[in-house]
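Okay, here's the structure, questions in a sec.
In order of appearance the chains are A, B, C, D and E, and numbering begins at 1 in each one.
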Amino acid sequence: MEININGLMKDYGERTVLNIESLLFESNKLYGIIGPNGAGKSTLLRIISGLEQSTKGEILYNGCVLNKPILKHITFMSQRHYLLKTTVFNNIAYPLTLRKYHKKIIENMVDEIMMDLQLFELKDQLAISLSGGEAQKVALARALIFEPQLLLLDEPTANIDPNSIKLIEKLILKRNKEKKGTTLMITHNMEQARRLCDEVVFIENGKLKVQGKEKQVLV
Amino acid sequence: MGYIMEGVKEAFNLLLSLDREIYSIILLSIFVSFTSTIISAVIGTPIGLFLALKKFKLKKMVTRLLYTFMSLPPVVVGLFVAIIISRRGPLGHLGLLFTPSAMIIAQTLLITPIIMGITFNNAKEQGQEIRQICMTLGGNRWDTLILLIKEMRISILIAIVTGFGRAISEVGAVMLVGGNILGHTRVMTTFIAMNNSMGNYSMSIAMGTVLLVISFIVNSILYKYVVGD
Amino acid sequence: TNNKIGNQILDKPEAEDVTIIEDNGSIILATTTSTQDSGLLDYILPRFKEETGIEAKVVAVGTGKAIQMGVDGEADVLLVHAKSSEEEFVKSGHADARFDVMYNDFVLIGPENDPAGLVEKGDVISALALLSEGNYVFVSRGDDSGTHKKELGIWKDAKIEPVGDWYISAGKGMGDVIQMADEMVGYTLCDRATYLAMRDNVDLKIVVESDLALLNQYGVMAVNPNKNKEINGEGAMTFVDWILSEKTQKLIGEYGKEEFGQALFIPNAKK
Amino acid sequence: MGYIMEGVKEAFNLLLSLDREIYSIILLSIFVSFTSTIISAVIGTPIGLFLALKKFKLKKMVTRLLYTFMSLPPVVVGLFVAIIISRRGPLGHLGLLFTPSAMIIAQTLLITPIIMGITFNNAKEQGQEIRQICMTLGGNRWDTLILLIKEMRISILIAIVTGFGRAISEVGAVMLVGGNILGHTRVMTTFIAMNNSMGNYSMSIAMGTVLLVISFIVNSILYKYVVGD
Amino acid sequence: MEININGLMKDYGERTVLNIESLLFESNKLYGIIGPNGAGKSTLLRIISGLEQSTKGEILYNGCVLNKPILKHITFMSQRHYLLKTTVFNNIAYPLTLRKYHKKIIENMVDEIMMDLQLFELKDQLAISLSGGEAQKVALARALIFEPQLLLLDEPTANIDPNSIKLIEKLILKRNKEKKGTTLMITHNMEQARRLCDEVVFIENGKLKVQGKEKQVLV
């Protein structure tokens, strides 16, 4: 999915926290979004995901404004993810249940991603009792499983251990290689941005500072 | 004080006596309050959730009105319903006055705002996050409603328990629209009120004890079912 | 000036001007809903306060409960209408004596068009006998009140046991029962005072009246002050003396003439 | 239907008439319900918080009992209080029966479980985290209580609003222990009930309207004060 | 404060998530705690902080079991920190208010730490409206401000941008150098552990695997 942002502004009261004149995310590419705390990165993703309204400006998704059918193909993994009060399995299966997949298929898909992320042993554990990193993995699995055309990830590996980070990066890269959709990923880990991203966007004080191939930006 | 001891003793006699009249009063109470609680929950929960999550003009006003309607006085609700369904009222031809249906209508009016208000208040705190999760994972409105109910089940439970408690214990409305007719519309609370006015205190205390026991059982069952422990 | 104040109160009998009257304590008067619902007490009691400085706090309940309150010593004085229970009350030592205060009468009331044709019967026993055949609704107080006891007495005299769908046992006060009878297009027995006070609100008319069996005698009793130390025995006696006094009796006889064109109660205290 | 229109009109007349009797009824209602709500809040909130956060044996049992007591019938509470404070009762010497104090006692008993129950339920969900923060930052029990109340102010508000709504609208308890004595213990609801049985429907509707308006104002003020908007 | 752990065990139902035979944290040292997700790191810190009960075993704080006076000198910054529904200033000031410091002193102390962490502009903002990293900084400031003798930090820089991480590390190191107390810090950032810690503890599957000077452990 191609995202075209034009004259986007977001104010909270007096303060303008986001002010982006123009920004293009091309189809099936993996973008890193970096910048200091409070720069407006999460706000940008929340607006793209449709969770928040911008004060001004326009976002086009493959040339259209946001509507219900498009919304179905977007997902957003928030910085403070919320897991449902049920088991790990049910949490990951939830987007598929919403899409009324067959029970057998759901089971296979969930099992597969749980294997990939080494979550299988936690299958029947209640999500509220997970450790921080485990919970983050589950939230990520839930976002990845239905293969959205636009995947918005807000610091998805912040609480993950180094080994698991490798697994997750492998999954994300695979998705990118198979051209299953566009990915925007916020991270504070510059190494990670370098490893993964086709292009990096640097935001500061709500403004777009640099956009480009990672090497140029990450100096 | 003697009345109270005596009343508790009498409560056992009442229950063990297998008196058909007493049992039909108890069953009618349960039936009426249960039905109105179910109707109120079906109406009040979704609307409460909706109001909490939707942004709209006048929301503040609606919130306050909702809280106000939580303190609707039973006697006023009863009178209002009685006027509507009385012979001369707009729904008079249905012949509802002094029937259990009338009591259900009145109680439903009384407790719907309570269930709605408590649900509303809880959803304002926790609901937004749940709604957003459902939305970002591809759910529509209906999915959102279902998910909210599932995730907030404990909060909704307390709303329903509060509503049921109000329904089974109130007397002002059912007295007016039911009429406390022996064998037809006499429920536990009107029975208690009547015995009070007859000076039969221990009978009142006895039925009051029965009412609390029933309330306890209903709460325990609901609680077990919803919380699962 | 005293006289002037009195006039003011008479002009607006429901207003109770506490501030300008000396305070001599208070008594609790347990009475029936019919005396309160008819408006009599609101009419005469300000006068009592004015004359004696004692405040009469009215608790209007069913006769059954009023008498129970007397037995328990919760009330200081009773004004009720169930003669046999009252005599029983005195006999058991709960009061020294009971005095007739006034009477009115019960009337059988029913729908304007009198579908059962009770008007032709003329006497209450045959009227009730006709009702018991079951085609017309009869609403009973069913609450152990004076009126209810009276009604049960009449059924007994008529040797009829009132059971069936037509016989509605309401367990409610007089005003409520009149409204129920109206709503259910049925008949009921009630005291004339309450009926007159409420007749504008309902489509009911008197179908049987002036039957000796329907006399409704009110009595007053000061509760035995030995029951507990909270009882205001003196105040109670003052009230009894006052309500039996010529002046008050006259006041009672006047109540309702202006509003209803007839007196609601006929005073009959024996001097 | 006419009654309802008429009643609303009459409500204005009632308020504008400046009739001392009417105003004293309204003021007494507000005074009694306010006082009992404050007492109940002071008792019910801390205990509700405590029960929610403390682990102890029989907690499940206590929870269910608490929910049960949320459905205490006003007529039973009224009767219970009446027996205790009646002249023959253990507190008879205080001469409380048929006084506003008696009404406050009865209402307090009635709504304390409601405030406690709703607070309890909300604290079970959000309270643990707040308690832990206070503990890890060096607070003692008292600090924890204060912090819980501050952080949960909106939940506690709804508990109190629900309690106040119940208090000001109930008739069963105040009728029994107050006695509906003109100029002493007549409150809005007993006034309404009395006018109902006298057939003065429009007067009832009028006072009912006034009651709702007062409820609305009280809710708005509380809301503004607590939520701050 | 010296922490001495002996035969510590924590079970959840059937599962033993923590089982540490013996572990010593010396006074005024800075320890890093590392290990995979779900290893039991947070559980360990929660138990040390007194928030959770162990199933078995004993912890001695300077030779004593945990009691109220000791508790006053311990603080724990959780992975999912909770900020109070008030301003940033009040949040950071809260531990000082609890200790009934003078208003002027509180103001100075809070201002100073806000400067150190570049939070000053957010002073009057409501804590609920902060960005993820900002919130984490506030939670950290709140834990640092009253100079506890035992500071327990659960992934304190997970959502922080690289520049701010430097500021935070400087603050933590300063505390360590001035010997103001013992610090235990969970982190998934091995570089960070190397930079900061006197010693590192590696936990896996609830068991203590290695404890030692960072270089030996972090291979």
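To be clear about the criterion, a residue touches a chain if its C-beta (ideal position, glycine included) is under 8 Å from a C-beta of that chain, and two chains touch if they have at least 3 such contacts.
All of these numbers come straight from a predicted model, not from anything done at the bench.
*Asks:* Hey, how far apart are subunit C and subunit D in touch steps, shortest way?
*Replies:* 1
*Asks:* If you take the mean of the Cα atoms for each chain, which one ends up farthest from subunit D?
*Replies:* Here the answer is chain A, farthest from subunit D.
*Asks:* Counting only Cα atoms for the centres, state how far subunit C is from subunit E in Å.
*Replies:* Computed value for the inter-centroid distance: 79 Å.
*Asks:* Using Cα averages as centroids, what's the distance between subunit A and subunit E in whole Å?
*Replies:* Roughly 29 Å, centre to centre.
*Asks:* Determine the centre-to-centre distance between subunit A and subunit B, using the mean Cα coordinates as centres, and give it in whole Å.
*Replies:* 45
*Asks:* Starting from the mean Cα coordinates of subunit B and subunit E, work out the distance between those two points in Å.
*Replies:* That gives a centre separation of 49 Å.
*Asks:* Can you list the residues of subunit B that touch 2 or more other chains?
*Replies:* Those would be 196, 201.
*Asks:* By residue number and range, which residues of subunit C touch two or more other chains?
*Replies:* 172-173, 176
*Asks:* If a residue has to touch 2 or more other chains to count, which residues of subunit E qualify?
*Replies:* Within subunit E, no residue contacts more than one other chain.
*Asks:* Chain pairs in touch?
*Replies:* A-B, A-E, B-C, B-D, C-D, D-E
*Asks:* Across the complex, what residues on subunit C touch subunit D?
*Replies:* Touch residues, subunit C against subunit D: 14-16, 18, 28, 33, 36-37, 42, 57-60, 72-74, 172-176, 178-179, 197-198, 201-202, 227-231.
*Asks:* So in the complex, the part of subunit B that touches subunit D is made up of which residues?
*Replies:* 1, 3-4, 60, 63-65, 67-76, 78-80, 83-84, 89-90, 114, 117-118, 121-122, 124-126, 154-155, 158, 161-162, 164-166, 168-172, 176, 188-189, 192-193, 196, 201, 204-205, 208, 211-212, 215-216, 219-220, 223, 229
*Asks:* Provide the residue numbers of subunit A that touch subunit B in the complex, in ascending order.
*Replies:* Going through subunit A, the ones touching subunit B are 49-51, 68, 71-76, 78, 82, 84-86, 94-95, 98-99, 142-143, 146.
*Asks:* In the complex, go through subunit C and note every residue touching subunit B.
*Replies:* Subunit C residues touching subunit B: 61-62, 64-69, 142-144, 168-173, 176, 180, 183-185.
*Asks:* Could you pull out which subunit B residues touch subunit C in their complex?
*Replies:* 86-87, 97-98, 175, 179-184, 186, 190-191, 194, 196-201
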